[in-house]
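The following pair of complexes shares a single chain, chain A, combined with chain B in the former and chain C in the latter.
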Partner chain A sequence: MLKVLIPTLMLIPTTWATKPKWLWPTTLAHSLIIAVLSLSWLVNMSETGWSNLSPYLATDALSTPLLVLTCWLLPLMILASQRHTATEPVNRQRMYITLLTSLQVFLILAFGATEVIMFYVMFEATLIPNMIIITRWGNQTERLNAGVYFLFYTLAGSLPLLVALLLLQGSVGTLSILTLPYADPLQLVSCGDKLWWAGCLLAFLVKMPLYGVHLWLPKAHVEAPVAGSMILAAVLLKLGGYGMMRIVVVLDPLTKELSYPFIVFALWGVIMTGSICLRQTDLKSLIAYSSVSHMGLVVGGILTQTPWGFTGALILMIAHGLTSSALFCLANTNYERTHSRTMLLARGLQMALPLMTTWWFIASLANLALPPLPNLMGELMIITSLFNWSWWTLLLTGVGTLITASYSLYMFLMTQRGPIPAHVLALDPSHTREHLLMALHLLPLLLLVLKPELIWGWTS
Partner chain B sequence: MHGCPRCCEAAMWTWRRLQVKVRAAGGLLTCRQRPTWSGGRLPSCQSLSTCTPLRNDFFKDLETQLAAMRKKASDALPGSSWSPLEINPDLPPERADIVIVGGGVIGWSIAYWLKQKERVRGGVKVIVVEKDLTYSQASTVLSAGGIRQQFSLPENIYLSLASADFMRNINEHLGVLNEDPVDLQFNQSGYLFLASEEVAHIMEENYSAQRSAGAKVSLLSPTQLKQKFPWINTDGVALASYGLENEGWFDPWTLLNAFRRKAISMGVIQCCGEVTDFKYTTKHTTSTDGDQMELRRITSVKVQMPNSLEYQPVECAIVVNAAGAFSAKLTEMLGIGSGPRDSIAGIPLPVEPRKRYVYVVHCPDGPGLDTPFMIDYSGVYFRREGLGGNYIAGTSPEEAEEPDTSNLEVDHQFFEEKIWPSLASRVPAFEKLKVTSAWAGFYDYNTFDQNGIIGMHPLINNMYFATGFSGHGLQHSPAVGRSVAELILDGNFTTLNLSGLSFQRILAQEPKLEKNIV
Partner chain C sequence: MLTRLSRFGPALPRLLSTPPARFVSQSKPSGAAGSTAVTELYPAAQQAGHSEVSPYVKNPDYHGFSSDPVVDEWNMRLGFFFGISVALVIGGTFIHYLPDHGMRQWARREAERVIQLREKEGLPLIGENYYDSNKIVLTTAGEE
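Here is the complex of A and B:
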């Protein structure tokens, strides 16, 4: 554990001490080394149970994929941010990288936490660097509004969680994730217990987000700079999913009845946000809503509390993390060239940038869950476990899959195909850095086709 | 028997009460009747109000009432409207998709058509930047307001035909819900061109071009001319060309405001400010001929607030240059025109302001109400203005005698020396007239070939031009707006092919001149 944490912490003095000319290559190399080191966590995956154990930090089959994703994302964020921060003074660039690194540290501590309170504290701590990134480096005046929505939605959801956790500590005596699954089942009968149940889950549902409390996500994603969007879409949403998966073991047997409305909300959200995607004019907004749509499926999968549901949820979280982050990077390449996120103004790009079309194609296909990519595996497992829970969900998930396919294709066709407007003809050609960025996103996704056991979670 | 009239009157009384309540709720400015409650019944069953409501628009009044209520509530609440962020509400937004520089009729037409053609609501964010909202020097409102199809270039004929069709159905296009309809005062009295012997053949060629393009024009011999318009002196006239349909004049201010109102109702943001600078990136490439080219891409537009040091850089994807007579200043900011002489960057935008005078004369015995917009072969023109015997007259000065363009002062000698003699000889009734008023306006004069420039500049990757119309921009504005919107949103012209009016002709030095008879 420390072999990843210490280098990540030391990345902060590195950014402040490097010469300006070598800032970005150094931090990129450093974070890539950390990412490669983090792959060593995947080694003990065949055993269920905890590895890399210490009193405060541990990894198990559920948290390892998310930890690796987190560590993998830092070099990608650094690669993506190089261009738009190039015009700023060096110290501001250093600050930016420091914020990304601190996010990384908090996330490693969150996913590796052995105690729920530590997870909670890290969960909240990730809000601060994110807020700073969105409100300081975002592009438009609306970023202030976006920051407010982001902060207060998450805080309002997580305050009940703190109370609930303290109550849990009081009744069970421990909040260690290692022993919570083996604690005596709680007597949950009164109305207050039902509120406690809701309090445990609300923060994570807001973070996922569940449709109904999802309003912060399109705003935050659209207004954030590219690295902010990437980390939000790829990892921070999964914090909510991971938290839910950890906490749901103590919430039996209430979950059987009480999860009903949330599953329905989640599935309805899949369809509604999918339909909104079909009408979007702003590219980043489209990708943000598609995130809500996929996460709705994940929420449904987790709340069914079956092994297939959990596995499907974890696979979809990892695959969606890589895909969504890739799409945001692609949207950013568009934005850096045309200075507009409107899809109407940047069309027919296949004529101008054909190699980027390849990446758009692969990312769009991944988004619509094309076999044999892990997106499909995750979706199918979730749909199956939901079908097992109730036959009627098949209607909703089926229609949802259809709409997902149509808006992914719509996004691809709108940006790449069609007549090319005159002002798009003379764009900058694609940089090698952008190709590297896209390759580093999509290569793991393609490799996971070959060994999906890595991200199956507990059922490996 | 006793109860019937009483209950009838009681019913009338309640009905009166309800009516007064309805009127009071509607907030209309009517004379309220106050029935006498105390003791009695109404003496008669007639309505006592002496005035009737002029209009009964529930929604407009509702809106004003709601606004008044909101204001009252916010005044009553404690606290001030101070906020730590100093937000100047007049500043344009920090970013927009399309910035249209120039709020004349061309600029607003483009804004309207961009919003019309976006496929979803809020598809593109458009702002129109105009430096002078009083339009004191804008060519649009100082124009004589004529529209004709009698051009020789097919592109111009098609533009006028499409624009005339637009203006005939203007309320279908520019009508806004709950607002007054648009009344352009489109007098379709036609244009009358007079040709002398030497230029009659040009008129005949133009006539066949116009007919084949679909314009309804007819040729008249001098005798037919005299028959139709007896007030004309046909000495020296060999042929006349008279537009039968879709030609005439209209009110340019109304058209501008109609476009503006509709565009704003569709979500276009208007900003009062002047564009003083561009931030752009340059890319050095070599063309296929081996020339070094610097391709510029505008990243943001600096909009300066009027009478202030405040400015706002607006980050944008596309800039449309619809600045009319002042368009060349914008391209100078980008370095066009200051490159080496035989390169593309050395060719400046050939648009400059040229001052033209318009004189209003009063002649009680002048030609009647069916007077067309008459243009003589000497260049002098006049048209009827209103119904009180007023006429508008003017002419283009010689190249050598172009007036000074630093101001809009009128030279009255010009009328005495250049216009009146020709006018009086052509229309004898104008020997006795009085000049009641005059004004001057700028043409956005294209010094290259006096026709509009529509399209992109080869060196600026995201600036579209719609300028240089040299006196016929107003009449082409609806169709030009549609074509530019097609260029931006569809990538190509779809309804009218105006590629002949692109920048290519300026670079290749192939002028597309109008074969005028004047």
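Here is the complex of A and C:
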């Protein structure tokens, strides 16, 4: 773990010590080397067990894909932010990179944590840099409201989690993730125990987000600058999924009955947020609601508590992380040229920027879960697992898949096809930087088609 | 963001100091508080920091990284080298040659081997008990 953690920590002094001219190339190269080192975590020689063990950190088949995704995202965020921060004083640029790096450090510690309280502390710690990024570097006044929603929704969900975890520590004696699955099953009978069950999950459901407590997400994603949107969509939502997958081992057998309303909420959310996407005029808002929709499926998959459900959830989390981040970067290429997120203002871009259309096309296809991309594989496994839980879910997931395809196609057609509006006169051609950014998002997604067992988690 | 530059006063070229049509903030934003005042919406032709000149005019080989052509070129090279050549190609090769991820292929071979063994000996493919029942020590009814 340290071979990745120490270089990441040292990236902070690097940003402050580098000469202003070479700040961005240096941090980009540094973070890419860290990303390459993180690939060593993918070595998994044991059937189910833990690797890279230390007293506080360890990796297993569940956390490794998320860790690699986290490390891969920092250079992408640096690439994406280079242009819009170019006009700021260099110390503010350094502060921005420092915030992104500190997010990475907290996320590595969160996904690698062996003890649930450490995971909780890191889970909360990621809120601070994110709040600062959204409220300081966002572009509209709404960013302040967005920051408030983001912070307080998550905090309101996670304070019960803290109480629940302390209660768990009291009754089980340990909160080590390595041994919790083997602890004696808890006697969960009273009403208080059911509240405890809800307390354990609420924070993660707010984070995912579950439809119903999802209001913070469209605000935060839209108001954040591109790097903020990227890290939110790609990794921070998955913190919720990861937390759920870890905590659900101690929540038996209540989960069999109590998860019913949450699965229904999640699936209804898939349809509702999908329908909202079809009516969106704001591009980033469309992508944000698309994230809620996909994460609804993930929540459903995790709450069914079957091997296929978990595997599907993990695959979809990784695939969605890359796809959603790619879409936010594409939206940012539009935003940097027109300074507007309204889709109607920048249409027919295939005529003006045909190479970027290729990336739009691949990203949209990934979003609508085209085979053989892992997006589809994850969705299929979750849908199968939900069908096994109840036949009626097929109606909801089927309609959900249909709506997902519709709005992804809608997004592509609105931005790329049709005539260019008359007011679009002078757009910068697509930069090499933007092409590199999109390639680094979508090529790993395509490579995952060739070796999907990396993201299967615990299943054989 | 352009209004922030206006605190440099007359040093700013006249181009940038023409007030745009929609101006919400009436005071010069001070650096101390950061910019929480709503700045004007950019007209589409004026890109941030570029006034009206596209960066391609000064540097036809602009890659999108920096206005300094040397830094721009080197940034591009570093990005592509470490991003594509090292991370995707070398990293991808490393991942491709990883041995038996999660011991799945081993598990398959072991299962086939055990099945063949059991069928040859006529034993059931898998025993009823997970643990050997001879090794379990139970307390008798009289003991505590």
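Basically, the second predicted complex is superposed on the first by the 455 of 460 C-alpha atoms of A that agree within 3 Å, B and C clash if a C-alpha of one lies under 4 Å from a C-alpha of the other, contacts with A are read in each partner's own complex, and residues count from 1 in each chain.
Here, a residue touches a chain if its C-beta (ideal position, glycine included) is under 8 Å from a C-beta of that chain, and two chains touch if they have at least 3 such contacts.
Just so it is clear, the structure is predicted and the values come from calculations on it, not from any experiment.
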Partner chain(s) touched by A:Gln140 [first = chain B, second = chain C, both, neither]: both
Partner with the higher number of touched chain A residues, chain C or chain B: C
Which superposed partner A:Val163 touches (first chain B, second chain C, both, neither): neither
First, second, both or neither for A:Ala86, with chain B first and chain C second: second
Touching partner for A:Leu9 - first (chain B), second (chain C), both, neither: neither
Chain B versus chain C as contact partner of A:Leu344, first or second or both or neither: first
Touched partner set for A:Ile132, first chain B, second chain C, both or neither: neither
Chain B versus chain C as contact partner of A:His423, first or second or both or neither: both
Chain B versus chain C as contact partner of A:Glu434, first or second or both or neither: second
Which of chain B and chain C A:Ala29 touches, first, second, both or neither: second
Contact residues of chain A, present in both the chain B and the chain C interface: 140-141, 338-340, 423, 425-426, 428
Contact set on chain B toward chain A in their complex: 93-95, 97-98, 118-120, 122-125, 283, 295, 297, 299-300, 315-318, 455-456, 461-462, 464, 487-492
Touching residues (chain side chain A, partner chain C) in the complex: 21-22, 24-25, 28-29, 32-33, 35-36, 39, 42-47, 61, 72, 75, 79, 82-84, 86-88, 136, 140-141, 144, 336-340, 423-426, 428-429, 431-434, 436, 439-440, 443-444, 447, 450-451, 453-454, 456, 460
Contact footprint of chain B on chain A as seen in their complex: 139-141, 279, 281, 338-340, 342, 344-348, 418-423, 425-428
Chain A contact footprint on chain C (complex, rising order): 1, 5, 34, 36, 38, 41-42, 44-45, 47-49, 54-56, 62-68, 71, 74-76, 78-80, 82-84, 86-88, 90-92, 94-96, 98-104, 107
